[in-house]
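Both complexes shown next keep chain A, but they swap its partner, so chain B is in the first and chain C is in the second.
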Partner chain A sequence: MQRIMAEKAKELLQNGTVNRVLGWKKGEFVYDITPAVFNNTEEIDAEFVYDDFCANNLSKYLIKESRKEGKVLVFLKPCDTYSFNQLLKEHRIWRDHVYAVGIPCDGKIDLDCLKKQDIQGIVGIETQNDNFIIHTLYGDHTIAKEDALAERCLNCKSKKHVIYDELIGRDGEVLDSHRFDMVEKIEAMTPDERFAFWRGEFSRCIRCNACRNVCPACSCENCVFDNPKSGIANKAAADSFEENMFHIIRAFHVAGRCTDCGECSRVCPQNIPLHLLNRKFIKDINEFYGTYQAGEDTESRAPLNIYNTEDVEPSIVYKKGGNH
Partner chain B sequence: MQVNEIKEFRPKIVAFCCNWCSYAGADLAGTNRLNYPSDVKIIRVPCSCRVNPMFILRAFQRGADGVIICGCHPGDCHYTSGNYYARRRMTLLFSMLDYLGIEKERTRVEWVSAAEGAKFAATMNDFVETITKLGENKRLEDLRCKE
Partner chain C sequence: MKKLSLANLDAFFAKIADKQALYMPIENKAGQLQFQRWTEGAKLSVGCNTVRSAKDFFFPQTENLVDFKVKGKEIEIIDSRTEKEDFVIFGVRACDVRSFAILDKVFLSNPVDTYYKSRREHGTIISLACTHPEETCFCRTFGIDATQPEGDVASWITEDAVYFQPQSDKGQKLLEKCGALLEEADESPVLRQKQQTKTYLDKLPLATLSTKHFENKDQLEVFNSEKWAELSEACLGCGTCTFVCPTCQCYDIRDFDTGKGIKRFRCWDSCMYSDFTKMAGGQPRLTQLERFRQRFMHKLVYFPINNDGEFGCVGCGRCLKKCPISMNIVKVMKTLEGEEK
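Our next item is the complex of A and B:
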């Protein structure tokens, strides 16, 4: 796949369709992948990579890239196309400056899963049926896919590309995923248990803002959390309230726009399951206002931007909402 | 001689009232000499949809034990549709607070028109009673803002 993609990128660079390529490049280690812009074919030959570690969602980088002169080629996995669409809808990306190539994705590896199984010194990876063969300095490991894939990929919502100029491989289908199972599990807890659960998670937050910086929905140029007068712009949270406030408000700001790409949980250095907050909003919106998938198209209006005179009253929360 | 001071818990309630209906409703409750607890501090907003979720969290941070948002009845908004948007927003926010284990009774939305002074007083009495039973807001407090 990497070879096909590199060929495609070089072809489009050479015939002048695009003048740069947004993709992934190897870092210091094979699993240490970073998004990168390639300006010529030599750079692509030297550094371009696409494998099971390339988890980054590239659509957010297009906000800046598409504003530059000339066209940029971008490789989008199915879930990235949702973010791309959502950003198009919000007029954050200049569509004329982007050439989007859809690429298939079989799920990406979560490094923490490998670490937990004591796999270290990774030097390469191969796929074989339902297993990954991971080459390390200490020999090869064969590991089942479900033990190595990220949670968001195990509960993949869709393999379908909702937008592209060109597609490599075949398009998939919208999947029937179990992504709300954990949300339901939390909802079934008592309020005390829920509070203890979230306190335990949030208390690890170091306010590094990585979740915000990576989130394709968090694309405001002036973020509310950068305001020094907000009282929550500290790097270290001085009080538990700050953590609650930050995460509630951040989740709320992307409610109805979050495509559930799961980047927030991926980048969290403290492994806080932030996607569970976003999924709660998605689940509530689906239940209260009808099923809605952000980024599915560019026409529909976000659920918080419209209303229905017959909407449920906020008091539904007292009747519903979990145990007591 | 030592005097044992018995401190009765008095909740702090913040009420966001829309300028066109609920604020006038509160006024009517006053002119009708209806009783409601003085623990309720009213903040006048142009419309119930002016209430940002951040306002509610801020109120809790600064020591509120309960927050109530009062607006025009759906369909009667001075700006045609403000309270419809507020309704969606608040439904989601309250559901999220509940999800995080914060007592859901601490937040409420009520529709009070300018003619419903009695409803305003009754709502506030009921809300203050609920919050008094719940006690101090411990889960969404900021210790730095405590006396």
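Our next item is the complex of A and C:
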């Protein structure tokens, strides 16, 4: 696939369709991929990569890239197309400055899954049928694909590309995933258990803001939490609850716009399952207003942006067993 | 050299924890290592390094410096210092121990930071030699020996015992308190372990990484490199690298109005953040390129110039593991070096 994509990129550069390419660049090891802009065919030949570690969602970079001179080619995995579409809907990307090429995705490896199985000192990786053979400084490990993939990939919501100018390979389908299973588990907890669960998870937050900065839905020019004039700039937490509030507020802010790309949880250095907050909102929106998938299209109006008489009454919260 | 049977490890920890707080790497709920306070039943974890570095013990992410109360024209100054209790950290790796020496150069040079100094005086460090370095490790680049860590006491864990070597008066005293559990030991098992670990260190992918390119370098030449643009291109401007880094030491001091008084606090800052060193006159580094460059110029150029050639990095590899876009000091060093070839 990498070869086909590189050929496509070079072809579009050479025939003048685009003047640069947004993709992924090789690193020092097998897994440390960096998003990069390639300006010519030589750069593509030297460093372009697409493999099981190219997890980064490139859509958000287009806010900046699409404002530059000329057209940029971007490679989008199915889930990235939802983010791209949502950003178009919010008028954050200049569509006519982007040439989007849809690419297939079989799920990406989560390095933490390997580390949790005590696989350390990774120096190489090979695919063999449904397994990965991982070479380390301390010997080889064979690991089943499903034990190495990121949670968001195991619960992939869609292999369908919702927008593209050109597609490499065949398009997939929207999938029946189990992505709300964990949300249901948390919903089934008692309020005290749920409170303890989230307090525990958030207690590890170091407030690096990686979740916010990587999030395609978090595209404010200047976040209130970064603005010393806002009065709520939040460089240091005044008490042990402030970091918790940051995440809750952020989840509210992206509610109805979050496509569930899962980048927040991927980048969290402390492995806080932030995507579960967003999924709770998605699940609630589905239940209260009818099934809605952010980023699925650019025309429909988001449930939280419209009002109609069939809208659910606030008392639904109490009916569902919530507290006053 | 002293020896403790592994069977007596918990008794050893209990003995220390009896008198002072004892911290060590313990697996957290997310399956990662974190320095946590030891209590009966807690399990020391030595598989790899902690996510957060050990600098937190001396330079916490946030701390209150002083409180004020204003009454009419009078200001009452209230001492809110807390850093007055003895504590022991067990299991600090060679890279992190070296980071203390780097932080000392910043906080203990004039004017001395008394908050930091007080914590340093109250802390005793039992370091732990590495046995299975990770592919992201490159402490040797900075002259650090992962098999012989610095610290008040150095330790080595073998299959059946922990070996201790006191390296300061503080360390000596700590071991004396636990004397009943320790026995004199022959150091050959430690030497064998060191030999074995060295064979792994030799094979690390970054074993040959060198700082030579940056030694006695013209600052402006590095500063003006065209490579910064491509290196910083994908940077998200988050603070992950700076917050997991054992040597990043920039901070901000602000006053917070609680409604009942003023709290003056200090918190970590990150050069990656858009309001870093923002002053009345504005923000001196307007783009992410400039902020990104600052971090690496500080570690590879400014710090050595001001500190007899010592670099501001210990090769712990945390930024390699945790950067959301996998951009890090190793890639920066190699790219800037490659430019000249």
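As a convention for this text, the second predicted complex is superposed on the first by the 303 of 324 C-alpha atoms of A that agree within 3 Å, B and C clash if a C-alpha of one lies under 4 Å from a C-alpha of the other, contacts with A are read in each partner's own complex, and residues count from 1 in each chain.
Please note the rule applied: a contact is a pair of C-beta atoms (placed from the backbone, for glycine too) under 8 Å apart; a residue touches a chain by one contact, two chains touch by 3 or more.
These figures come from a predicted structure and were not determined experimentally.
In the superposed pair of complexes, A:318 makes contact with chain B only, with no contact to chain C.
By the document's definition of touching, neither partner reaches A:188: not chain B, not chain C.
In the superposition on chain A, A:238 makes contact with both chain B and chain C. Of the two partner chains placed by the overlay, only chain B lies in contact with A:280; chain C stays clear of it.
In the superposed model, A:248 makes contact with chain B only, not with chain C. Once chain A of one complex is fitted onto chain A of the other, the partner contacts of A:224 are limited to chain B, with no touch recorded for chain C.
In the superposition on chain A, A:198 makes contact with chain B only, not with chain C.
Looking at the shared chain after the overlay, A:133 reaches neither chain B nor chain C. For the contact definition in use here, the residues of chain A common to its chain B contact set and its chain C contact set are 238. Those residues of chain B whose C-beta lies close enough to touch chain A in the complex are 53-54, 57, 60-61, 74-75, 81, 84-85, 87-105, 108-109, 139-144. Chain contact summary for the complex, chain A toward chain C: residues 27-29, 31-37, 56, 61, 111-112, 115-116, 118, 120-123, 136-138, 200-201, 204, 206-210, 212-214, 222, 226-228, 233, 235-238, 266-267, 269-272. Interface residues of chain C facing chain A in the complex, by the touch rule stated above, are 28-32, 34, 47-48, 51-52, 61-62, 132-136, 200, 203-206, 230, 233-234, 236-240, 242-244, 252, 254, 256, 258, 265, 267, 269-270, 273-275, 278, 320-322, 324-328, 330-331, 334. Those residues of chain A lying in contact with chain B across their complex are 186-187, 191-199, 224, 238-239, 241-242, 244-245, 248-249, 251-252, 255, 277, 280-281, 284-285, 288-289, 303-304, 307-309, 311-318, 320-322.
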